[in-house]
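Following this line, the structures themselves.
In the two complexes below, chain A is the common chain; its partner is chain B in one and chain C in the other.
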Partner chain A sequence: MTETALPASRASRARISSRAWRGAAVPAALVLGWLAFVDSGVIRTPLLVPLRTILGAPFLDPDGRQIWLALAASLGRVVAGMAIGSTAGVALGIALGLSRPLQRSVAPTLHTLRQIALFAWIPLLTAWFGTGETAKVAFISLSAFFPAFLNTEQGVRAIPRAYWETAAVLKLRPWRRVTKMVLPAALPSILIGLEIALLTAWIGTVGSEYAIGVGRGVGAFLVAARELFRMDLVLVGVVALALVGYAFNRASRRIFSRIVTWRDR
Partner chain B sequence: MTARTDVRLDRIAAPAASAPRPRNAGAWRSALLPLLLPAVALCAWQLAASRGWMAPQILPAPELVLASFLELLESGDIAANFAVSLHRIGLGFGIGAALGLATGIALGVSDTARDYADPLLRALFAVPSIGWIPILILIFGIAETLKILIVAKAVFVPIVINTSQGIRDIPHAYLEAARALRLRPWTRFTRLVLPASLGPVFSGVRLGLGHAFIALIVVEMLAATEGIGYMMVWGRKQFQTDVVIVGMIVVGLAGFALDRVLLGIEKTLSRWVPPHD
Partner chain C sequence: MTTSSSVHAPAALSLRRVGKQYTVDNQPLPVLDRISLDLKRGEFLSIVGASGCGKSTLLRLVAGLDSAFDGEILIDGRPVAGPGAERGMVFQDHRLFPWLTIAGNVALGLDSLDLHARERDARVAAMLELVGLPAFATAYPHQLSGGMAQRAAIARALVSEPDILLMDEPFGALDSLTRVYLQEELLRIWSQRQVTVIVVTHDVEEAVYLSDTVAVMAPRPGRIVGATTVDLPRPRDRADPRFGELKSAILGQLRR
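Right, the complex of A and B next:
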């Protein structure tokens, strides 16, 4: 955004392009080395798969083509879990921010539960909900819940005292107080929470699919590929996992920076 | 059955009772309020279990969980599994932290190193532990190497990021002062760069240890035959939900203790390092 505004000197432009070249050097060397040794057949082990096999797998290989269905299933799940978990997290964060007794009685319990590493919930959730869709979506919701809740609570607590006093003087009703004062004031913090929630929800999605192993999804795809000893399919799954995470990160940053235009002042 | 629950509730409430007497009822209420929700949940849990609303495989009675906890504690199962997990964390942390500090310092000090390595590292860092696990299983199998590498990777990432950023964020004035004093590179590094970046570096270490613990639980649940994570999965497979809950409690307590210890060290360190020398 600022690049166009600043008069970029020739020297700094040259510096940027030399950085880009240097950054590309190591990956390019790796790819060339891979092509020279693995694709050409100099090294033959089941672990080092030719690059063309990996790149072709999602389109040509009948097992590899499963990745698209797996991606669709995982994306559906992450949307469902994110919707449930982040809604609950933001709502509870605001409720606790508004009411001191509620905060005192609920927050310590939630902060204690947060100490449990997220994945440790999976055995309990599968005991409760089985190995189907419910357990997975419950786990994804849980992974989205905590970041959304924590950042919302923090954002509401950081609202300056003067704002509350103004709302009291104006005699805003509770609902208007939330929509006109609390939400806009806490919005930057809430959006950061949602950004983190989306990423943890995605990792939770693939993680729960991987741990439970039944059904479709990128995680289940990875399990199947690993059991077939197919390194090419494992790499396809991992790249899909990383790319979706990256895309989520980029998209949420973009959208959120458009919503909160007053953040960087 | 209920008697034991009462005893436990008493014990929970005991510290509040022995605390200096609050001035009014409001203070009492605010001290007891945080215990309200856990107490209600415990009562509901006890009620559901004693009335048989839910099968013990789904929701074991609180006293069963307590009994299993004590039993696993006495038999040494918790200690043995915990020792295995601790050993993995220790080794993985050592490797990951050493490599992470070296890489982070190199990336922070040298522009060239940063230009060459940064994009590749960024791409690798974008792959979460759950993605590394199947790759490493194919290469190393599910032996100890897998767990130690996963832990090391989880430690490595935040330490590299925080160390290089911490060094880059050293105020310009410090570097100019060093230049004016004509400090030699090594003196400048030990006297200026290291102390000035210690804060962010240590928060990287703290973050790394937290991530290491989580990654270890994940890898133990997915590919292990011992360790705290495995203990929970084993309990699940035997339909012993009480063991699962005991595992969760142990994981929660360990995570909490770990964070507290590191927070303590961080505070001590920040006192020990003079902010302006």
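Right, the complex of A and C next:
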């Protein structure tokens, strides 16, 4: 059993790594092209900055070094907003999935609110909470809330009737019914919701900092860099954004794939 | 009838003119028609019938999974209201939760009782012993064969020590060797536990092998068309001519 499993897993690992290399082909070509045309001086324009300047800026440039503080501020915010928004989303999704009357009275409102473009909330939130930390965290919570809520609600509603009947026949108490049946049964769907919520929370973080513009953060760093016409710093901000988003995605997939270990039937 | 039942011990389970109908295209569609049954405490009843005759629907009513019906279902004289710990249910598919161990699944059967953790664990362990799965307490359902999973489902249904065990085609999805083995197991458990059992099945031989009484249901609308007492001593011999006679008599009731 293990003798046959070993070469197979090695082969599949080789396949995965070759796929990963193919996925890296486009970014690699972009870097090479950048080096060949911009760094070499073939193209000279203030809009494009040599790669070495971009990579050096976070360490060598006094303004560029601000990116680290900005990054710390943004990460703090995304954690707070994600925690609030996704907790509320999962809780409400379960409550609505469990209670038909609650579903009928609350779901239409939530599904209508979801139609409002996320950034349209910013004027309202700044009017309510000012331009400080509260408005930003409220906005990030809102961006994390909807994916978490929608996927949880859908996951609970998709639980097969056989499970509900089993819970009924066993006379499970309400709390036990949630922890031993509803949550695990809806868990794959909830985790997908959390994965999307984390990414939208990150977009919401940078978006709120960019749109509200006061205080520290990667979004505010981008605004400041653009106003100073420091293209090197703008690109530093963009790279930081992308790397964090990529890291979130990889980390959440890796963690979540270890949570659901059982197999149906 | 009423006087005799007040003198003798009351039937553990009584169905009085139980009926049920669905509405299809605004037309009433009767699925169960005035079904009356009396089970003594510790009696083993099988209900046989073709698929679609309403036998599973009837069992769901007794289990308390469906409260929209006419007539009365009484347990020790009291009408059923929803599922209860005095009734255990085994479905055709084992319906174990795949995210819990076998012991965790069986322990769910005790959730409605207020037990200390130690007592609960002891009862789960004793139950796994009874169904022959003590080595699989920490295994997950997907690691078990179909027959083992069904034995775990029986343990989950019996762990709260119900008076009545309801089984909906419990061995229908198993291969014939496993099925015969589990029939013997079920009789062993039944004789040790003294529970009242209702098994719904389409297998007449299984019904004759297991039961004190075999009730035959006919479809559209579902109704009881015969009840045969099986007075052969246990363990029963399937090759016994009287076994064959009872079997063909019941098959005759089914064909009518």
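In this section, the second predicted complex is superposed on the first by the 218 of 265 C-alpha atoms of A that agree within 3 Å, B and C clash if a C-alpha of one lies under 4 Å from a C-alpha of the other, contacts with A are read in each partner's own complex, and residues count from 1 in each chain.
By definition in this document, contacts are C-beta pairs under 8 Å (C-beta built on N, C-alpha and C of every residue); 3 or more make two chains touch, one makes a residue touch a chain.
Keep in mind that what you see is a predicted model, and the values were worked out from it rather than measured.
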item: Combined model on chain A where chain B meets chain C, clash or fit; value: fit
item: First, second, both or neither for A:Tyr163, with chain B first and chain C second; value: second
item: Contacts of A:Lys180 with chain B and chain C, given as first, second, both or neither; value: second
item: Which superposed partner A:Pro147 touches (first chain B, second chain C, both, neither); value: neither
item: Partner chain(s) touched by A:Gly85 [first = chain B, second = chain C, both, neither]; value: neither
item: Contacts of A:Gly217 with chain B and chain C, given as first, second, both or neither; value: neither
item: First (chain B), second (chain C), both or neither touched by A:Leu172; value: second
item: Which of chain B and chain C A:Arg226 touches, first, second, both or neither; value: first
item: Partner touching more residues of chain A, whether chain B or chain C; value: B
item: Partner chain(s) touched by A:Thr112 [first = chain B, second = chain C, both, neither]; value: first
item: Closest Cα approach, chain C to chain B, once both complexes are overlaid on chain A (Å); value: 12
item: Set intersection of chain A contacts, chain C complex versus chain B complex; value: none
item: Chain B-facing residues of chain A, complex; value: 18-19, 22-27, 30, 47, 101, 104-109, 112-113, 115-124, 126-128, 203, 206-207, 210-211, 219, 222-223, 225-226, 229, 231, 234-235, 237-238, 241-242, 245-246
item: Of chain A, residues touching chain C in the complex; value: 162-163, 165-166, 168-173, 176, 180-181, 184-185, 187, 262-265
item: List of chain B residues in touch with chain A within their complex; value: 30, 33-34, 36-38, 41, 57-58, 112, 115-120, 123, 126-128, 130-135, 137-139, 213-214, 217-218, 221-222, 229, 232-233, 235-236, 239, 241, 244-245, 247-248, 251-253, 255-256, 259
item: Contact footprint of chain A on chain C as seen in their complex; value: 63-65, 82-85, 87-89, 91, 93, 95, 97-100, 104, 108-109, 111-112, 140-142, 156
